[in-house]
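First the structure, then my questions, so here it is.
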Amino acid sequence: MAHIYSYRRTIRFHETDGAGVVYFANVLTLCHEAYEAALGATGIDLRRFFGGGSLAVPVVHGEVDFRRPLHCGDEVAIALAPQPIDGSTFEIRYTLSNGDQKTVATALTRHVCIDSASRQRHALDDQLQQWIRAAKPPSVAD
Amino acid sequence: MAHIYSYRRTIRFHETDGAGVVYFANVLTLCHEAYEAALGATGIDLRRFFGGGSLAVPVVHGEVDFRRPLHCGDEVAIALAPQPIDGSTFEIRYTLSNGDQKTVATALTRHVCIDSASRQRHALDDQLQQWIRAAKPPSVAD
Amino acid sequence: MAHIYSYRRTIRFHETDGAGVVYFANVLTLCHEAYEAALGATGIDLRRFFGGGSLAVPVVHGEVDFRRPLHCGDEVAIALAPQPIDGSTFEIRYTLSNGDQKTVATALTRHVCIDSASRQRHALDDQLQQWIRAAKPPSVAD
Amino acid sequence: MAHIYSYRRTIRFHETDGAGVVYFANVLTLCHEAYEAALGATGIDLRRFFGGGSLAVPVVHGEVDFRRPLHCGDEVAIALAPQPIDGSTFEIRYTLSNGDQKTVATALTRHVCIDSASRQRHALDDQLQQWIRAAKPPSVAD
């Protein structure tokens, strides 16, 4: 898998729950933050991209597997790798590691570009296609 | 204070933090839920009201005082009382009680009606003014 | 699938994002709320169950598929069906419907009972096993 | 006011709401993140500090004033200044600025050290007192 971006964050108190570890659904939120950071790093305007323009790229599927708990104050690194599926669809795979370089969770999100008004599929725009392809060096098999 | 609405809710796991009680800022979220429920009960369309139309009524000030902790599974009742301030401004006072009828927190939010595009003050619309006045029966002192 | 519980909720403003619909990861939070409500309805003490006792039942896998967006003020019904996997593991399937009885999302969570200190697998306790089996009436095929 | 720490963050999509700006209560969460980062920078173990030990330092009061909206992708800087109140109490003032160095919000939290079991007041420990005093250079008036 060709990772194109790694996002680092300290786990914050509000992300933990009464069991003293990060609430499970917040791990998908951490992944989406990494996706936002990776888009932002290529110069995509996040306010416009996520702000309800004529095209939208909602998450249509998400999944996450947990191996180790994350606690308040932990440093987490999220490596992400996008992959094209078809002209309007891509997936991103995420690997979350803690300060000991141990995998704490893996996750996947699938995104489909749609026309915001009709909610019909629409081709991914060039900027996003370029961002997805950046993860696939021409001569290297995944 | 003339309460016009009481909202009841069970505290959920995701609202608690690693100290085992509701995360402090989530108490203001509970208050806003009560405000939404109270507006909805008068027939205001919540999707339209909060959905970024030409007028918006953002919170410009919030405050909250904590007396007792709230735990996962606790039943909380939130009584709310709106109060007009001027033609474009109102406040809401909240009292949160637990299953033992003990006050767990009090809070206040101040809301100002603005034109969404210019972000200049705008008069509150009739429906909202009526909702605010409903808390003030004509012949009864607060 | 034998649903044993249906949980109803109004979508609140804080659950929506800048695209005007419920933020994707919050749908898993809605599902966990339904799970808490279903446990509570059978008399399980939620504060103790989720409060970091000697046994814990963390989510080890979650997945969610989105079909339709949810907006602020929408009424959502979440039907849930638990299923035993092995002596320490169970899954829950969720179907979320909107006010028009249309499916807006489906989801699944897998839960494993562990010893909180060692984080080793532990048999599900009787109360939880009973709750899971309640979904499987003896003479009716799923 | 003597600021002792400045925390920088990019606003993430999940923090925005259906009006396209950061949900009001999330601004207090941003402030608490800045507090955590400032404690962490002095070597305080965040997992232990927030993890429900024998002493706790819950927020007993919070308030926030909003001047300008924050959008997805905005860079925010949060300057914070702690101030001792009495032997068990301190306050923190926060100023949030956007990328144009304009103040977007100000906030205040009050914290009281308690014995976690009895929930009675307890003297602040030395490490925390030192952190609070670090904001008050000996010869400079606040």
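Each chain carries a letter (A, B, C and D) given by its place in the written order, and its residues are counted from 1.
Convention: a residue touches a chain if its C-beta (ideal position, glycine included) is under 8 Å from a C-beta of that chain, and two chains touch if they have at least 3 such contacts.
For reference, the UniProt names are A, B, C, D = 1,4-dihydroxy-2-naphthoyl-CoA hydrolase.
This is a predicted model, so every value here is computed, not measured.
At the interface between subunit A and subunit B, two copies of one sequence, more than half of the residue numbers in use appear on both sides, so the contact is built from largely the same positions. The pair with more inter-chain C-beta contacts, choosing from B-D and B-C, is B-D.
Simply put, subunit C must spin 180° to overlay its Cα atoms on subunit D, rounded in steps of 5.
Farthest chain from subunit A, judged by C-alpha centroids: B. As a whole-number value, the distance joining the C-alpha centres of subunit A and subunit B reads 34 Å.
Averaged C-alpha coordinates give centres for subunit B and subunit D that are 24 Å from one another. Between the Cα centres of subunit B and subunit C there is a gap of 28 Å. Residue positions 13-14, 16-18, 20-21, 23, 25, 29, 32, 50-52, 71-72 of subunit A each touch two or more of the other chains. In terms of which chains touch, the assembly is arranged so that all chains touch all other chains. Those residues of subunit A that touch subunit C in the complex are listed here as 17-21, 23-26, 28-29, 32, 50-52, 56, 58-66, 69, 109, 119.
Residue ranges of subunit D in contact with subunit C, taken from their complex: 13-14, 16-18, 20-21, 23, 25, 71-72.
Every residue of subunit C that touches subunit B in the complex is listed here, in rising order: 10, 12-14, 16, 20, 29, 32-33, 36-37, 40, 45-47, 50-52, 71-74.
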